[in-house]
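Below you'll find the structure, written out as structure tokens, and then a few comments.
Each chain carries a letter (A, B, C and D) given by its place in the written order, and its residues are counted from 1.
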Amino acid sequence: MIVVMKRGASPEQIQHMIERVEGLGLKAHPIYGTERTVIAAIGEKRDEHRQSLESGPGVSEVVPILAPYKVASREVRPESTVVRVGSLAVGNGIVGMIAGPCSVENYEQTVDTARAVKEAGATALRGGAFKPRTSPYSFQGLKEEGLKILAAARDETGLAVVTEVIATEDVDLVARYADVLQIGARNMQNYRLLEAAGGSGKPVLLKRGPSATMDELLLAAEYVLNAGNPNVMLCERGIRTFESHTRFTLPLASIPYLHERTHLPVVVDPSHGTGHASLVAPMASAAIAAGADGIIMEVHPDPEVAMSDGFQSLTFYQFKETMEVCRRVAEAMGRRIVPNEGG
Amino acid sequence: MIVVMKRGASPEQIQHMIERVEGLGLKAHPIYGTERTVIAAIGEKRDEHRQSLESGPGVSEVVPILAPYKVASREVRPESTVVRVGSLAVGNGIVGMIAGPCSVENYEQTVDTARAVKEAGATALRGGAFKPRTSPYSFQGLKEEGLKILAAARDETGLAVVTEVIATEDVDLVARYADVLQIGARNMQNYRLLEAAGGSGKPVLLKRGPSATMDELLLAAEYVLNAGNPNVMLCERGIRTFESHTRFTLPLASIPYLHERTHLPVVVDPSHGTGHASLVAPMASAAIAAGADGIIMEVHPDPEVAMSDGFQSLTFYQFKETMEVCRRVAEAMGRRIVPNEGG
Amino acid sequence: MIVVMKRGASPEQIQHMIERVEGLGLKAHPIYGTERTVIAAIGEKRDEHRQSLESGPGVSEVVPILAPYKVASREVRPESTVVRVGSLAVGNGIVGMIAGPCSVENYEQTVDTARAVKEAGATALRGGAFKPRTSPYSFQGLKEEGLKILAAARDETGLAVVTEVIATEDVDLVARYADVLQIGARNMQNYRLLEAAGGSGKPVLLKRGPSATMDELLLAAEYVLNAGNPNVMLCERGIRTFESHTRFTLPLASIPYLHERTHLPVVVDPSHGTGHASLVAPMASAAIAAGADGIIMEVHPDPEVAMSDGFQSLTFYQFKETMEVCRRVAEAMGRRIVPNEGG
Amino acid sequence: MIVVMKRGASPEQIQHMIERVEGLGLKAHPIYGTERTVIAAIGEKRDEHRQSLESGPGVSEVVPILAPYKVASREVRPESTVVRVGSLAVGNGIVGMIAGPCSVENYEQTVDTARAVKEAGATALRGGAFKPRTSPYSFQGLKEEGLKILAAARDETGLAVVTEVIATEDVDLVARYADVLQIGARNMQNYRLLEAAGGSGKPVLLKRGPSATMDELLLAAEYVLNAGNPNVMLCERGIRTFESHTRFTLPLASIPYLHERTHLPVVVDPSHGTGHASLVAPMASAAIAAGADGIIMEVHPDPEVAMSDGFQSLTFYQFKETMEVCRRVAEAMGRRIVPNEGG
């Protein structure tokens, strides 16, 4: 942490801040520049408490130097984490392909989709049983019945099941049926839920909130990791920007950036990230070229009548074509999509 | 809803979409323009399901016409809602002033602050007992002990207590001590929590998420209202933008915009909205000039040692000065800050 | 400047960077922390060249400490600048009110508007003769004829004329007719134009670009100031964010922030900043409450038929009402709108 | 255009707006819904003038239906444009690779870089002679001397030269030396400059402004195209968002989106788009996977001492490796980087 004093800060103010820094158990190291004094504060603690120093007399700003996360950091654990569960493997050169409908609508729609995506090479099935919906008037999901349908689809196809959990009180129920618990973008900072998912024993797919910074995402992962769960996949699904021709802006530079900072695998969601079916395939291949460890996509037998997100869902045929181009790009990058052998 | 066909959409595609629209129980009204055909879909239903039409053959885009919220809408209820609880009144010309520490740290800090803000004219006390923190290594709040301290501060001063609830399972506990339940920005789309708070019988202060649109905020309010709770205060607390000289960007145009669309009162949080104590007073006055029905501010006996948010907390003296200018602006606008008579 | 080394940077890398820093004529001051080494670089130069140090071996990032602008800085010149030209005064407690049509369309429209806004208390007339338009198919302005009409309106009313210049080659022409040269948001970083306007001898109203940071705005002002022109007014007119219910997001916290950092006056444009006539009055008053030194607003005799920006233009009656509330707020803040005595 | 009336708009207001629409030479087509009336306005004109209808009595909003650009539209010209000049070809399956230093610093640095990038397979040389710099205290470029050095580098290597022009008065000079005129992001809406570049006879590389929408970018291209110049390359170089771990956010979904809407080729700049050398290679490959027709990258013999943008410049070795992965991805996508045969 660097405490930057205002130009013209008095010796008393500087002395006061040196004492504050030392009062926090840090070593204060003042540097008297030509225009300003800065005080470098040296020590291991990272707690936010210290930012309150910015209220001190004569202080211009406080600049943090250390990353706020620890367990997720590649500095702490240099080897890339690989998450494996059932048919799904994600990380360190293996690209997991997760596909399925936005919402589980009924048995037939779900199992047909599971078969189709498996046939095309997907390595896991996604599908929502508990749906967090912007509007209370929208379809809210089949809940436990949806979970049962997903489990049946796994029985039919051997595909691992990825599904969202939206509340602490549902974690046990969802964990009974699912292979991977998805924490949605709206809940990225629902810390109770993160802790509960962390304690469930199931791998967690943690989606980035639409206005979350990289540090905030990694700190959210840290809540899960600290609950004793090492199997966290980060998911980039787009951020809110001024762009309106896409539903969100999908910033693929997150992938190599995260690979530098963390050992956790990075999955990309080009369906939510773009909001238009025609943009999904190019962004899925681009994500793999940028180094993504997994892709999660929405697929529906007839997107036009989907109960949610039809506009961004691929048909079976579109998904098959998307898989082919993804496979070619993965090969070009020296990585591989492990074909699913189940069922 | 307007279904805009692509230039060159075939008569079969147009006919297909007309049938889709009618299949949803809407009346389809095609308009053949010089360059494109659009299909106006007339009817009352608002469900999102219909956006899936965007996947239809030959469709360029689907433009919604109706606002997605109902109960919150001023079209449905033209009279402004006034929320009253204990010493606090907010709405329709009365400006509620809510002030207090970011976190409840101990009895003395809280009660001293309550006395100071009451003395300066605040009409309610804020203070966090359950703290949602970006980092798992930050202070997480005193929990029930914090709630007891807040209740004690109310006993001492007569000020109504506003405090955050961060999980469904805590709603009953928090509602036992608090006068107003605050839903924080991170939880604006935690729908289970919105429903639980809606069922608590206590007024709700609902903060806008940092990337939420106005429609999303109003739909979140709709979750609370639909649980039978009419006492919802919306709170603008800033959005995430590229600006980094402030913690968030505080867009005060939300206030008159919301007043046009909804009957619910609008409170503004200039502490989180700016992240710098020196910017709080100007933005508090500006919010009142723009029509805010309430202001919520962070105040601390010694911000430099606050356990959270010290950089944006006012001292007692700064708060007193801020109250004075707010009062003058409210008067200039023909509105009033009701002085607290309690204690 | 602080050069932050990566965790695990080697002694050779640290030594290399110390030499690089000293090679730039700065004094290098290494600080060996528990996790990382940082090198404080002390000296007066601010040139961007130094950021290239970020490419050095073992470097994590380079954190600037000094503000990049000089002449605009309040640290350099503590007294607030007041810009005075003809009927207009802006700064240090005097709030200038600039109003008029988006585009000069014809003599009658312009002179009628000038009379109406003067009558209501405006202190200067705005109006565009050279119009930078997003679409080549939109009305591009009356050019020199428009300037002549503006000059005639000044003759009729005594109001100072503020008008935009969009190209270096037009600066002399525009300066012959105008009292203030406006640099539009699209041209905030058109450095040749800034220099030319700086050399014109006329005060400059410099609009913030919709994605410009505060530092970028102040550096743009520095281009004008360095051309020998001390009369620069900064203008906040809104930024591009994800919000779509307003044309731009108008971040009024810029006003007190800029007042802390610079001695230049700050004008606010609530017309472009909101894009809706109904939001202009609340945001004009809010801007004054937040400390704005001036307001610039669009007014048109019949907004519905305006050749540009009708949706955000006030009628004469709306402007009169807006002026009244602005005056009351200015008084509440201890500032004043100087009534125009001309004509 | 759809004029959406407010709920409860009176029959007189609706009739008034029908007349306004017809007064603009459009056919008005009112649709009386269950909650609101909308008026579809049919006709060919696109001028912005019509948005002023939003000021009409009882009007809620005006929704445009037609894209505002014409000549750039793929609807008007379905075949993809290929731009060819000297060693460079861009578009329709051919990926142009443009590389070179941010600034031309001297003969040796530029010619060495030209040789290195040609050797690695680049098809054109970039380099700035006129530098638009955020700070007046930064290096502003070698100007004509820089152009001469670029021309010498072309003589040495056969590489086509891409260089920026920042002012109308420089267009002739720059066009004498350059093969492609680059319009920088800051000047995307400098319409005079667009027109002058359009009239120069040289192909234009038009960079997206950091807060420009797709429509604004295409309308800027339209200014160049309308000046009689069909050889326009659009360049995505990142947008301003809340993300601070990258210099800008590089939204690759622009590529397939633009390919749907326009016949113009799309070039991507991963150097400015990320601001970190380590992120350039992944984003260059990702851009090609997403369909980019060209990549423009910064390369410097020793980035650590570059006079500008060192932090985002590749070394010769890094560039060679980046080219190899780009080539493999292009092949996987069925596209090709044409090897340069010159020199």
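Heads up, the rule we're going with is that contacts are C-beta pairs under 8 Å (C-beta built on N, C-alpha and C of every residue); 3 or more make two chains touch, one makes a residue touch a chain.
A quick note: this is a predicted structure, and the numbers were derived from the prediction, not measured.
Colleague: Spell out the chains that contact chain A while also contacting chain D.
Modeller: B, C
Colleague: Specify the chain most distant from chain B by Cα centroid.
Modeller: When every chain centre is compared against chain B, the largest gap points to D.
Colleague: Could you please state the distance in Å, as a whole number, between where the Cα atoms of chain A are centred and where those of chain C are centred?
Modeller: 39
Colleague: Using Cα averages as centroids, what's the distance between chain A and chain B in whole Å?
Modeller: Taking the mean C-alpha position of each chain, the two centres sit 26 Å apart.
Colleague: What whole-number Å value describes the gap between the mean CA coordinates of chain C and chain D?
Modeller: Here the centre of chain D sits 26 Å away from the centre of chain C.
Colleague: Taking the mean of the CA coordinates per chain, how far is chain B from chain C in Å?
Modeller: Chain centres of chain B and chain C, defined by C-alpha means, are spaced 31 Å apart.
Colleague: Touching at least two other chains at once: which residues of chain C meet that condition?
Modeller: Residue numbers touching two or more other chains: 211, 239-242, 244, 276.
Colleague: If you look only at chain B, which of its residues touch chain D in the complex?
Modeller: 2, 4, 7-8, 29, 31, 33-36, 38, 40, 42-44, 63, 65-66, 75, 240-242, 244
Colleague: Within their complex, state which residues of chain C touch chain B.
Modeller: It is residues 211, 213-214, 239, 241-246, 249-253, 255-257, 260, 273-274, 276, 278-279, 282-283, 285-291, 325, 328-329, 331-333 of chain C that touch chain B.
Colleague: Would you tell me which residues of chain C are touching chain D in their complex?
Modeller: On the chain C side, the touching residues are 20, 46-49, 51-56, 62, 68-70, 132-139, 166-169, 186-187, 189-192, 209-211, 215-216, 219, 222-223, 226, 239-240, 276-277, 303-311, 313.
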